[in-house]
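There are two complexes below, and they share subunit A, which is joined by subunit B in the first and by subunit C in the second.
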Partner chain A sequence: MNDTVEVEKPAKKKGKWTRRAFIGAGVAAGGALVVGVAVRPGNPVDSLKDIVAGGQGEELINSWVKIGADNVITAIVPHCEMGQGANSTIAQMLADEMDADWEKVRVMDAPADGNYVSKDALRVFAAPGFKGGETMEPTYDGLFTQISKLAGGYVTGGSSSVRSTGQNGMRIAGAAAKEMLVAAAAAEWSVPAAEITTDKSMLAHAKSGKSEPFAKFAAAAATQELPRAPKLKTSKEYKLMGRPMQRTDIPAKVNGTANFGIDGAPEGQALKYAAVKAAPIVGSRVKSMDAATAKGMPGVLQILNMGDFVAVVADGYWQAQQALNSIKTSYEKTDIDALNSNKMFANFGKALDEAGDDGGDSKASEGDVLGVMEGAAKKVEAEYRVPFLAHATMEPMNCTAWVRDGKCDIWTGTQVPLWARSAAAEGAGVGDDDVTMHSAFLGGGFGRRLEPDYVTQAARVAKATGYPVKLIWSREEDTAHDHYRPADISRFKGGLDKEGKLTSWNNVHCSTDEPAESPLVEFYDIPNVSVRNAEVEWPLKLGAWRSVGHSQHGFFVESFVDEAAHAAGKDPVEFRRELLAKSPRHLNVLNGAAKMAGWGSELPEGHGRGIALVRSFNSIVAEVAEVDMTKGMPRVTKVFCCVDAGFAMNPDGLSAQMESGIVYGLTAALYDEITLKDGAVQQSNFHDYRMMRMDDAPDIAVQIINGAPDNLGGAGEPGLPPAAPALANAIFAASGKRIRELPIAKHFA
Partner chain B sequence: MTKFQVNGKPVELDMDPATPILWAVREQLEMTGTKFGCGIAQCGACTMHLDGKPIRSCSTPLSQAEGKSITTIEGIAPEDGTLSKVQQAWISEQVPQCGYCQSGQIMSATALLKTNPKPSDEQINSAMAGNVCRCGMYGRIRKAIKVAAGIEESSTQETAA
Partner chain C sequence: MRNIALPVLLAASVGLVSCGSAPEEPIEQIIVSEPGGAAAGVKQAAATAPAADDLVSQGKAAFAVCAACHSIEAGAAAGPGPNLNGVIGRKAGTAEGFGFTDAMKASGVTWTEAELDSFMTDPAAKVAGTSMTAGAVNDPEARKAITAYLASLTQ
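The block that comes next holds the complex of A and B.
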């Protein structure tokens, strides 16, 4: 055993996030100005080498803007649009910094090309006549290429688009572009740059009465010195940021023209269609297949045993699916053929028993939890359980692939175009660079489309058949072969002192905590804390499900805080106020939601209110749910939501994300579980994996607090985690029934 | 051969009359605005109108269309290039998120307002409960229906700076 241990370096001082932006610019075809920005958080570095060797957990942000000869400004966004509206908001941030005319701002998906941020990008999609060279930042050529390759950098997830790409990329790109345009105009007009004003994509000089569109100076701007640190607006100077601008993607979504993955097709080529059925248990393979009936069915072209799945390719999708349904298959045995959900939860329980009060992997440890617990005036204990969950995007997984001449074309919706490209390359047996990705809207993502398994499948089928093939998962396939939100059990012990203050907190659970902060309660003023997890095995593929670990821990933690409040004989809001004494932003949010809901005012008999507060993805959200228990099954009537995401770049967009997260969270809380029988998923479609609908959805009110204008939080996920505990706590308030296991419907069957 | 009309135009299709209308329209007519969601009439993403009445086209065979008139999302806007009141309200209330279910939502809402120009909340619930929105935009859908019906004022979001 080595005596010398490396002393942990003191935590870097929090506060100002340092960043260094590398800016490049060039002239594209038709005189368009193209400006790109790469940002690397962390300490400034002086060489490309250091950047490429950058450590994990660092985020590289790439942003591009193009000003066309028609004065249309295009934000080239390295994120996909799956409903979150972030691409539109990012463009809004760019336009504000540029003083652009919002009516003439367009949003374009960045191509899924590892070089899109490189000088090649200009050549590929903007600039056949691109001349780089001397106008470039010296490190620019290699830098952008290397950064993009390093980062695999094209992921939409983690509620991060606005607060990373928007805040630290697009705004800089916009500000840099504007400064270069102003410099070009100042030179041309022979006036001081400081006297030039910008508004609605126009440059003006008041004294001389000159006024020209941005486009007029686009080419000249590219020859200006690159601004090293373009000046960003302060929140007081915002013109577009902070306003509820309409989303750019919505018009196409009301008239049938929006192009989703399932709508993609090569031009002028007749498609064939594939239906697939994967082996029902993870890891199992097809042992035998009887396709005698399928062979003779109309339209059937090929029947494929792909080992891990069976595919039928036909002239039409319905024909393929009908033929597939007629095929009888048997499968190789696996280690989990006999597994069911009860057995799995029993295994989880054993792991937690073994971890006990101080075992397992420590996630947080403060003070003397066991000692203080021992001397507590009152102890509270509870165990909570949540099931596996499927994403159930409205658009089932699908992908159109065409493999020929060593090349592969892919039409699909994905949150990870570059990973999907690699997945396609693997399936098609070609190199990454031989794959062309055709982007599309996603009919829902929620984390499911971070996993490009369906892309590999499509490429394999396309390669096997030679046809351009549109492969579509049935709803049944989609439900039974997801990458699921992990099931979990979480156990708590809490100690209250004689004033009813929570002085110790001991939690152990099974999930692996993604993100790491998800089970932590550092904003609550509890002096003695132990949070641990116990290692278990999961029999299903796991994935990121909207809000990830917060979806479980939000329910666990906020249910237990509620139980502790009742054990202390205190009102749940009052109890939390005491715990939030050192967290003023959290307290404001809590008070905001309580006030909106009229907390403490009388409700009809059989109705109740519950509150929950969760911080996730750097946003703080409190929700009060009102429930009506008079009709047997709980009916959520209202949800009041107060959110502090630092600064709402688009308040209507933020509100929409809260509304969406709440419904998504309540749907799961009330109705849904994925269960296992004989190793396989039992649920199949919306009749047994139920969705909230118009007639059981609550009225939702959202209030926004801009509590930290320079410290943005996410929007897509943070609305979800408080929904389940707020509802469970409301059910307790209304009926005295404590829900410790989801879904709630199980307890009211 | 099945003969029918789609958005006012006569169509003849030589396919298995058991084929769901959804796939005939998407694959043969190459009109992809109508979406596939569940295949068992549980989610409403595939809603079209058959002689003006909403149907789940994923579970309605082509034979049912014989001699009738089908309307899809591509056919509900006025011919002058403007949008229908329902479509306009969907924009003013910023209803769609991912947008995948919205063709079906708009078709259900359009059918509702045709037969019931001033629906109550209960009537809206009953007409729309067959349409799932996984993004959970039910509040906005309800509001947009009321705006389209002239029951409530639009909460128009900004467009210009």
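The block that comes next holds the complex of A and C.
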């Protein structure tokens, strides 16, 4: 998992990269990386204009913003809308820098074209903490574009849209667009640019009384030089940023006109439908297929054995699925035909035994862990376990494909339009540029739609049959053929000194850490730390699941801190306060959540409170869960959440993401696991892979701290990791029962 | 300047799009019908029934999707959508036993085959404020068949 991309020396690209372009070179945090931020000479307007500015009288200002003749400003956003609302917030950031009228701002998904890549998202991953400073070329084009192309950018993930594309791209694009409009107006009116003011998508010159809408100068602005360093607003000057502006995607979602991937279809063309069934075990192949019944069933057009899966194409989806259900298949043997979950966990345990107290791959090593542990006044040990998890998006995997005349059209919801384009090209046997992606909203992503396997399938079926085909996975297919959140075992040994202070921390686990910081606890003041991982084999395909490694390590680390607090005889909040003595932002968040929850106040008999704090995707979140244990199965009654995401660009959006992360996290913590029997996934649908329902959901309160206005954190994922440990810690407080294995429900059956 | 080695964490988190092998063709393909060719079932029906009735029977089959919300038997109770028996010639928003939106009642539409076709194409565009937020029929052939089926029940 340590793939690297070697980027050619920029100096070799003679003629394309100017010397000027490297003034902005900077050093990444940790000194590991030296990355230049380059500027490509010229404005890319010409090459992109036809693709995104097709309307009458529309002029493309730069790659990320366009202005219509009606003075409507469209932000062209290289991210996908999957419920998280980030595209709207990013547009808000652009509109603010541009002094645009929010009522007349629209959001458009960028086309899946190589020139639109979320290079800033990549920058956050590639060079975290990188700050260009004054000399950085704050423009949206350049080396990062090149790098992103290599990596197949245009990615929506890593809670990165607002803090990267919004902060480092859209704001700059907005400010640049404004400066270009002002320059155009100054030339036309023959007045100094400095005397021109902008507000609500209007340009004005007070002395002469002149005032015109942005649209008037859109054409002239497009011919202006790209500003080298457009001036950005300070947080005091924000008009839209930091305010709970209404999301642009909501009306369509309320009135039913919103277009999701599954709604996609070629204009005026009768679609056929495909149902598919993949071989049940990873790596196995279809050996034989008996479709005698299926081929006589109503509506059935074609039946395909594709090797790795079987497909039926029919006039209707239900007909295709019914016919598919009647097909008898046999599969070739694999190495993992006899594997079950218990055996897999036993293998994990063996790998951890081998790693012992100091083996495995070191992720962090501070001080003398083993020596200090030896002399500790008190030792705490614990082993935790979490299962595989499926994403269970409400909209199942689906893709509509039409392959004809060497071209391929794709309608789908994806977090990675460019990779999906390549996946379609591969399936259809055409080049990337022969594929047209028709983007749509995603009915849930959570990381599942980072994997375009369903797109390849659709293209293959469309190519083989010649029909325009809408391929839809059944819920059973979706549950059993996901790219799962890894199962894991994590072991801890902690040493407490005489004062009950945590002086030694030794952790070993199996999952490869993604992101790398996920198992680390450097914000806790623990002098001796060792964090390691032991290599194991995975019987299932793995993927990114909302908050990725933090979803496991949040539970492991915060459960263990709680156990250490109890071993030290200290209150869990007080214990953490001591550990956070050198991390003031974390401490503020912890205190915020404790205060919201009335930590320490009386609760009814059988109720309990638990707290957890996790830093993920550059945001700090603490949650206090309240649980009622009087009814047998634990019931979460309340969750108090305090978040510091640097600066909340849209506080309403940030709160909504915290609430959603908490519900998704509690769902998994309480109910869900993907288990293996005879090498195959046992769960199939919502009856055995439950979702939290409204009547199970707690009341949630969210408080926001703007602790670092220039150092933004993510929103889509960070609300999730503290939910499980806060709940498990609350269960301990209420009942004395320590949950060391998820899901919680299996301990109360 | 040193070479820039960029750890592609993204790629690690999402897995790589599979390598550039040639597209995998079907191992076995049972073709009941090819694009452009009429389905075998339809051919048989055409041999024994006049063309207009065939359109009606196709419409009846296509209506299966609509039947999730709309009842069609005379006098049957409305579901999530109104009963469509006798809809042709009816003024929009007047069928008994269904709570139409104000927008539908005020639409002034009288349902002809052409009006139904246009409504089925994009309900919210035809009558902004309709409660029919799903079930648009994209295929013009299917719309034609469904309206023919609905018309056959009006006579």
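Everything below uses one rule, namely that the second predicted complex is superposed on the first by the 648 of 749 C-alpha atoms of A that agree within 3 Å, B and C clash if a C-alpha of one lies under 4 Å from a C-alpha of the other, contacts with A are read in each partner's own complex, and residues count from 1 in each chain.
As a convention for this text, a contact is a pair of C-beta atoms (placed from the backbone, for glycine too) under 8 Å apart; a residue touches a chain by one contact, two chains touch by 3 or more.
Since the structure is predicted, the reported quantities are computational estimates derived from the model, not experimental observations.
Q: Who does A:384 touch here: subunit B (first), subunit C (second), both, or neither?
A: Once the two structures are laid over each other on A, A:384 reaches no partner at all.
Q: Is A:103 in contact with subunit B, with subunit C, with both, or with neither (first, second, both, neither)?
A: After superposition on chain A, A:103 lies in contact with subunit B alone.
Q: In the superposed arrangement, which partner chain does A:695 touch: subunit B (first), subunit C (second), both, or neither?
A: A:695 contacts subunit B only, not subunit C.
Q: Can A:544 be said to touch subunit B (first), subunit C (second), both, or neither?
A: A:544 sits against subunit C, while subunit B stays out of touch.
Q: Which partner chains sit in contact with A:524 here, subunit B, subunit C, both or neither? Use first/second/both/neither.
A: In the superposition, A:524 touches no partner, neither subunit B nor subunit C.
Q: Which partner chains sit in contact with A:463 here, subunit B, subunit C, both or neither? Use first/second/both/neither.
A: second
Q: Would you check which partner chain A:483 touches, where first means subunit B only, second means subunit C only, and both and neither mean what they say?
A: Only subunit C is touched by A:483; subunit B is not.
Q: In the superposed arrangement, does A:249 touch subunit B (first), subunit C (second), both or neither?
A: The answer is first: A:249 touches subunit B but not subunit C.
Q: If I apply the document's touch criterion, which positions on subunit A are contacted by subunit B in one structure and by subunit C in the other?
A: Touching subunit B in the first complex and subunit C in the second, residues 255-257, 271, 298, 316 of subunit A appear in both lists.
Q: Under the definition above, what is the set of subunit C residues touching subunit A in their complex?
A: For subunit C paired with subunit A, touching residues are 1-18, 20-35, 39, 41, 64-65, 124, 133-134, 138-142.
Q: Which subunit A residues qualify as touching subunit B in the complex?
A: Those in contact with subunit B are residues 82-85, 95, 101-103, 200, 239-240, 243-247, 249-258, 260, 262-263, 271, 273, 298, 316-319, 321, 392-396, 441-446, 472, 474-475, 652, 656, 659-664, 667, 685-687, 691-695, 697, 699-700.
Q: State the interface residues of subunit A toward subunit C in the complex, per the touch definition above.
A: Answer in residue numbers: 1-11, 22, 33-36, 121-122, 125-126, 147, 151-153, 155, 157-158, 255-257, 265, 268-271, 286, 289, 291, 295, 298-308, 315-316, 416, 419, 422-423, 426-429, 447, 450-452, 456, 459-460, 463-467, 483, 512, 514-516, 541-544, 548.
Q: Which bits of subunit B are touching subunit A when the two form their complex?
A: So the residues of subunit B in touch with subunit A come to 15-16, 19-20, 23, 27, 31-40, 42-43, 45, 72-74, 77, 83, 87, 90-91, 94-103, 106, 124-126, 128-142, 157-161.
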